[in-house]
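Look for chain A in each of the two complexes below; its partner is chain B in the first and chain C in the second.
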Partner chain A sequence: MTRRFPFFRFNPQTQKKLQRFRSIRRGYVSFLILATGVVLSIAGELLVNSRALVVRYDGHWYFPTYGRIHTGKEFGLDYAYEVNYRDLRARFAQEPAGRNWLLLPPVPYNPIENCYAGETFRPRPPEWGTKHFLGTDQINRDILARLVYGFRNALVFATAFILLTYLVGITIGCLMGYFGGWFDLLVQRLIEIWSNIPFLFVVIIVASIVPPGIGMNLGVLLFIVVLFSWTGMTYYMRSATYREKARDYVHAAQVLGAGTTRIIFKHILPNVLSTIVTFIPFTIASSISALTALDFLGFGLPPPTPSWGELLRQGTSNLQSPWIVASAFSALVLVLVLVTFIGEAIREAFDPKKFTTYQ
Partner chain B sequence: MSSSLSLRLASALTGLVLLVAGCGQSDSSAPPAQKTGATAANAGSSVMEADLAKTLQAEPNFYVFKTAADLPPGLNWENGANLPEFADLKAKKGGTFHYEISDFPRTLRTVGPDANGSFRGYLLDNVEPAFIVPHPTIAGAAFPGLLRDWAVGADGKTIFYRIDPQARWSDGKPLTTADVVFTFYFMRSPLLNEPWYNDYYKKNYTQLIVYDNLTFATLHPERKPDLPVRVGNFVPYPRHAFQDFAADWIEKFQWRELPKLGAYQTFAKDIDKGRSITLTRLKDWWAADKRFFRGRFNPDRYHLEVIRDPDKAVEAFARGDLDIMPLGLPKYWYETIPETHPEVAAGRILRFKFYNQTPRPDWGLWINRSKPILENRDVRVGVQYATNVALVCSQFFRGDAEQMQTRSDGYGWRMHPTITARPFDPKLAREHFAKAGFTTQGADGVLTNAAGQRLSFTITSAGQAQRDVMQILKEEALKSGLEYKLEILDATTGWKKMQEKNHDIALAALNRSVELYPRYWEMYHGSNAYADLYTQSGKDTPQATGSDANPKPRQVKPNTNNMTMTALPELDRLIEAYDKAESIEDIKRLAAQIEQIIHDDAGWVPGWQRPFLRGGYWRYVKWPQGFNVAQARDLEEFFVHWIDVDEKKEIEAARKSGRTYPNALQVFDQFKRN
Partner chain C sequence: MPPIAANSPLLELQDVHMHFPVREGVFLRAARSCKAVDGVSLSLRAGETLGLVGESGCGKSTLGKCIVRLHQPTSGKILFEGTNLAALKPRALKPHRRHLQMVFQDPVESLNSRHTVGEILTEPFEIHGVGDAASRRASVLALLEKVGLPAVAAERYPFEFSGGQRQRIGIARALALNPRLLVCDEPVSALDVSIQSQVLNLLLDLQRELGLTYLFIAHNLAVVKHVSDRIAIMYLGRIVELADADEIYEQPLHPYTRALLSAIPRPNPGGRRERIVLQGDVPSPINPPSGCPFHPRCPHATDRCRAELPALRPAPKLSGHTVACHYDLP
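This part shows the complex of A and B:
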């Protein structure tokens, strides 16, 4: 009986909810599309990359996708920096067939390289022949590659963002609801004050003083955004905990001598999980929008990190090259619409009203 | 943004050049009672006059009054009569010229807080004649603006001026030495609320001598080959219009119409705050028929509309709302208004490319020599070879920009003849990095040394403008095993970081004024790198760094333009000699030696500059033969253009009827250098 609500195993009620989610077609299909996108972007290096998947050279096999760089010298060229695999393939093609060969990913470009070495830096329209399926941006970088890797960065950001805001928001919200009284009042007032600090100004100030470096900057950016986003979650958790606290099973646990932490996280939390689940998709949507907005304003990730906001900004300042803004805009709208559909479906699936009739 | 930054850079640069020198002494301190009638005329009649009289008495060594008989005999008076004029004498007066300003000025004052904006050009710099004006096509030459003539004294430190008797303020009052006395009082007054001008007029002018109503002289601490242009290029202020000058003058004069000496007056009724300002040409301007002023300042009205977004300004020009438009950015030139633009194709808008000769902002990478790995010269030389400025010039700026070679680029014949920037060459870069111990290439292609340090530096920029350039340099640098991290800060924060010498490498430029020869002291003298580099006895006795007398300097000197943190005793000695040099030959010889040391030290990666102005103008805007003057920094700086009113009507009709004209790119390359 005590094992009735294990943290990560779904109970029959939850299974019912998931079944109901699957039956909501629009949301479920959206979920499948988005899940596919996530999986593909995780495997981005195999699909969109300037490095070859396999190289056969002088009787040796190379798998350069992950791991260290291979220099031009390793393939008989005269330079000590990373070999250009597209040029290498062109060279192999001139040699007698079959001896040396390599296999490039479907989109043979990485998101930060100048794809037209020695040519003018300017946006180029989509072209299937050169495999620039969405064209290039103003410094000759492949837009599709930047979209894919930008999506992945946004996902990493969103995941970390959800974990952190929920950790802080749920903990504080549950404590407020569980303890109530002066603690609840005090923290509520603090939250009200805190949420009145203008978020963008803080971002501008911090963005102008933090040192560069992608890891550092993603961390700092995440920290600032989380700092100002955890408050929303507390309200929901507070009221949900208030409600649960009055129930018999909580009293029973208290009588049995369970500690506060155990009661909150072992007994109450699993019962309010459905509230949290319905919020997740919308949190993802808002965190992707936040990152994009910050990048658009120039306070986001340091260049040349691929990001959608940066693409949007380039697009709006190069309206004569509509493929830039169109790609970024469509991708953003598509993802946000999918996430919203999923969110609606989850909310519907988890809605208790389905089983209750109010009179 | 970039223009405001360069303005600030320019003032910082000028501010730093002022060296304290000995104060000129004079034994001829006649009491103020004997001064010329003009200066005494209003004494005591207002608050300002009372304060002025007090100042004259308090500073008898600066304000000196003599008689015309005291003028030294045998002065060689100059008036630029042998110099060519640069405007077109056939220019037609009339019409209204339409142009844009990117922001509304915050004041009509030309000094004091907020006065140093870009609009000041229309109020002072480009419109009001100075006493002595540098000739814009002949380096080092000058012509009189408000003077009949001038002379350099036998000591080489005194300039004598004879005011043009016809010079009039726009309210009809004549220009006299009373205005000159007031100008010095005004510029040196603490009430001015402008420490920079206070300082400038105290350090560079050691004495003012008034001989009569129209004759005066100024004394200076140092001899210089271009002294008349350096110190005579100032504009007087009307004494009679400043009778209520007092501590509260900044508010009182914020939007006040003042009498002018130049061709254009700004009337209060023509100020539409936040939207536009119109200048009006004086119908009976006293200098209208004078040499060097004939054929200039032609439009009757000069309408300046505020357009804050540069993209919108270009569109307004294409619509015909503006008469001219610079199209410097490749985007505007190749994409917004290309050859195929309907108005260009119809010949109604003419596109031009004008090669001018003027020192440009010195874009480049300023390597901070005080940082651990960058203190190694081999690393710096490697950085030079690893930085692909040539690619940026040829492919990002589409061949419009060229790589700079030396610090003195743009100073014409004063440039170093043979030094060239190091080319992009990953092999040579790697050789130099190897000499510095960076021999192992890591998994990501970045070199490391035996201690495991990565060859990785941060490039800092002040503002977003160079974002693309930095990304290109980063990608190219990796070919040499060098990693650049990019730090794009906003203008204020970035500039502060560079001024406090906290950067590894800064991508920045200092604006440079049109001068006879370049400056080095601000950027390269050791005392601008370390506050404790030299002993108290002064800069004449430099101590070698690291010696017992003066252990390795540690105290970084912030807020100077020595952003490479260069402190080389030999270079310091040369720069001191250069700043004291009195002849052009010495200046040229020392400059060449200085350039060689700077090049060998490899602390500054020469960046790019665009050797021309380009843009478009509507066909009815006319220009002199050869378009503009050699030293024009922008299209209107010398006001040599005019509007052909009849042709304007014709073109407007043609836009409706679809009539076309011959169209061709106007290229003016008479001032182009190879």
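This part shows the complex of A and C:
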């Protein structure tokens, strides 16, 4: 009898954990809401954008959203820079109906454009007629557009942050735990010294010496934040590796002659990583709030990048226009609360006390 | 299997010491050492079972782990078919590893819960580069059959099995590379009593079928008696008595062996033997007593015992029976 070993299937323990996560309503609903938000923000260009979704002009179809820039001349206007689709629609509306038309996204603004060019800079309150659903900020940019794209930036930042801190932290922590002895002792002392360097001062210093040509872009900011955040993961990984290494299944592999690489990657890491999943939501929450805080203080992403911290800063200095601070604050609180609910649910679902591998 | 000369032992331990450093202070200086195994010499003939018995903490598991080189002994030789394993670097050791395998005490701990049984049993072949995917799969199924598990077991995870079945998986993994020597480190003490005999009989059947040699470590004399040809009694890192299995039960010479034997529950209470209750606890191997390590608890201890370490010597009148005691106790 020849039977095939399964190519891939979820470990039944993992299946059970996922099942229990789904059964925790608050966390699961939060997860669905947040996942919807993430998907919507990824498709942001289709929902919140100054470019039209579809243009029908002169018998041709145009889909400008992800394509190249279309100049005004292409649509019979008299300028050679990017066409303003809102004006274009107004013009099409005056023409005899049916021939030329275009479809704008629900929110027809992008996050960095001045929506009232030529007029005075002042925050404008929410208004449904002009489709500024959350109003504009102090330099006439649409707040909803800035919120959506700011959320996307925060997500990119959080994802990259998690990947990098976990990569560095897990690698170093695992090596410390596995090799122990002098290596462990030395690296641990270095980590203790390193984690005592005040993070904010370093950010301020770097922000002031980075050449203005480069600026504090996402990469530089990420590098600095990761540089001071990887240490936390090493503490957990170090002790978890110590614990796993002393267990008999590792000894059994050693008796069989397995090498260090095999033991770390096939035995220790898979057993440790399932716990690390429970940390991820909390890391997301902390990295989003860290980015927001840095932006709020003005050491974050360079203008005009849309960011929640920058909106909060505008909002607190324009308290007479409460819609700015209200929308930024609500969005931040909502996301952090959702992420925390998800984190709690995952932790509950993965709790080894409720579901022990070794019953 | 290559022929082994009848008189040359398969495994010979010569004065093996395993001292663990006890690290102290900021710089982890090895201030003292824990003498877990303190000068053990033994030999195992091919095809026999040597039972190694002692209380917990006497160093019997450490000795087993030295033999399979989970620990590098501090000093002494471990001669396996003439090769001194204790002196080999990990790379040179790897080809020898397939001849010595280990069955662990707790099958829950010794099987990686994230791998299927198939993956667990394939691993030995992967490590030693034996065969291709198809032949490995066939070998896994043959192993499962050998230990009495169904072929579908390969696709399941260890925690889907009972304790006895899991121990069978552990035994199958140890047998994968056709070893000559199995170090069984209390293979049944974590199992239900009703399962113990099944696993023991499996080990005995496999030994008969495959010509295996066992070093059977246990703290339970009743279990050891069932499987062993010879029995060594260990106390505080040393062997205190070594004899044929039947003989050690009939004529125990060392006072410690007598105390151990008297602790075996007997089917007829009120029988002839009296229970010898030892005073005190096992001394710490970090700071062992002077002279004979057993003297603080020995009812027959004299000044000589307190000063002088007894060597393992042949017992008078009994062949193949050695004991580490200064006196021939009646």
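Quick note on the criterion: the second predicted complex is superposed on the first by the 339 of 359 C-alpha atoms of A that agree within 3 Å, B and C clash if a C-alpha of one lies under 4 Å from a C-alpha of the other, contacts with A are read in each partner's own complex, and residues count from 1 in each chain.
The rule is simple: a contact is a pair of C-beta atoms (placed from the backbone, for glycine too) under 8 Å apart; a residue touches a chain by one contact, two chains touch by 3 or more.
This structure is a prediction, so every number in the text was calculated from the model and none was measured.
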- Task: Determine, under the contact definition given at the top, whether A:S289 touches first (chain B), second (chain C), both, or neither.
- Result: neither
- Task: Name the contact category of A:R247: first (chain B only), second (chain C only), both, or neither.
- Result: second
- Message: Taking the superposition on A as described, I'd like to know which of chain B and chain C A:P12 touches: first, second, both or neither.
- Response: second
- Item | Which of chain B and chain C A:L185 touches, first, second, both or neither | second
- Message: A:N271 in the overlay: touching chain B, chain C, both, or neither? Say first, second, both or neither.
- Response: second
- Message: Show me the residue ranges of chain A that touch chain C in the complex, using the header's touch definition.
- Response: 1-3, 5-6, 11-13, 181-182, 185, 247-249, 251-258, 262, 266-267, 270-271, 274, 357-359
- Message: For the complex, give me every residue of chain A touching chain B.
- Response: 67-69, 71, 79-82, 112-114, 118-122, 138-139, 208-209, 211-213, 298, 302-304, 317-318, 320
- Note on the structure: Given the complex, residues on chain C that touch chain A span 28, 65, 68-70, 93-94, 97-98, 100-102, 104-106, 108-116, 118-119, 123-124, 127-128, 137-138, 141, 151-152, 154-155, 157, 159-160, 170, 173, 177
- Task: Please give the residue numbers of chain B that touch chain A in the complex, ascending.
- Result: 311, 330-331, 334-336, 395-396, 398, 426-427, 430, 441-445, 458, 464, 467-468, 470-472, 474-475, 478-481, 485-490, 493
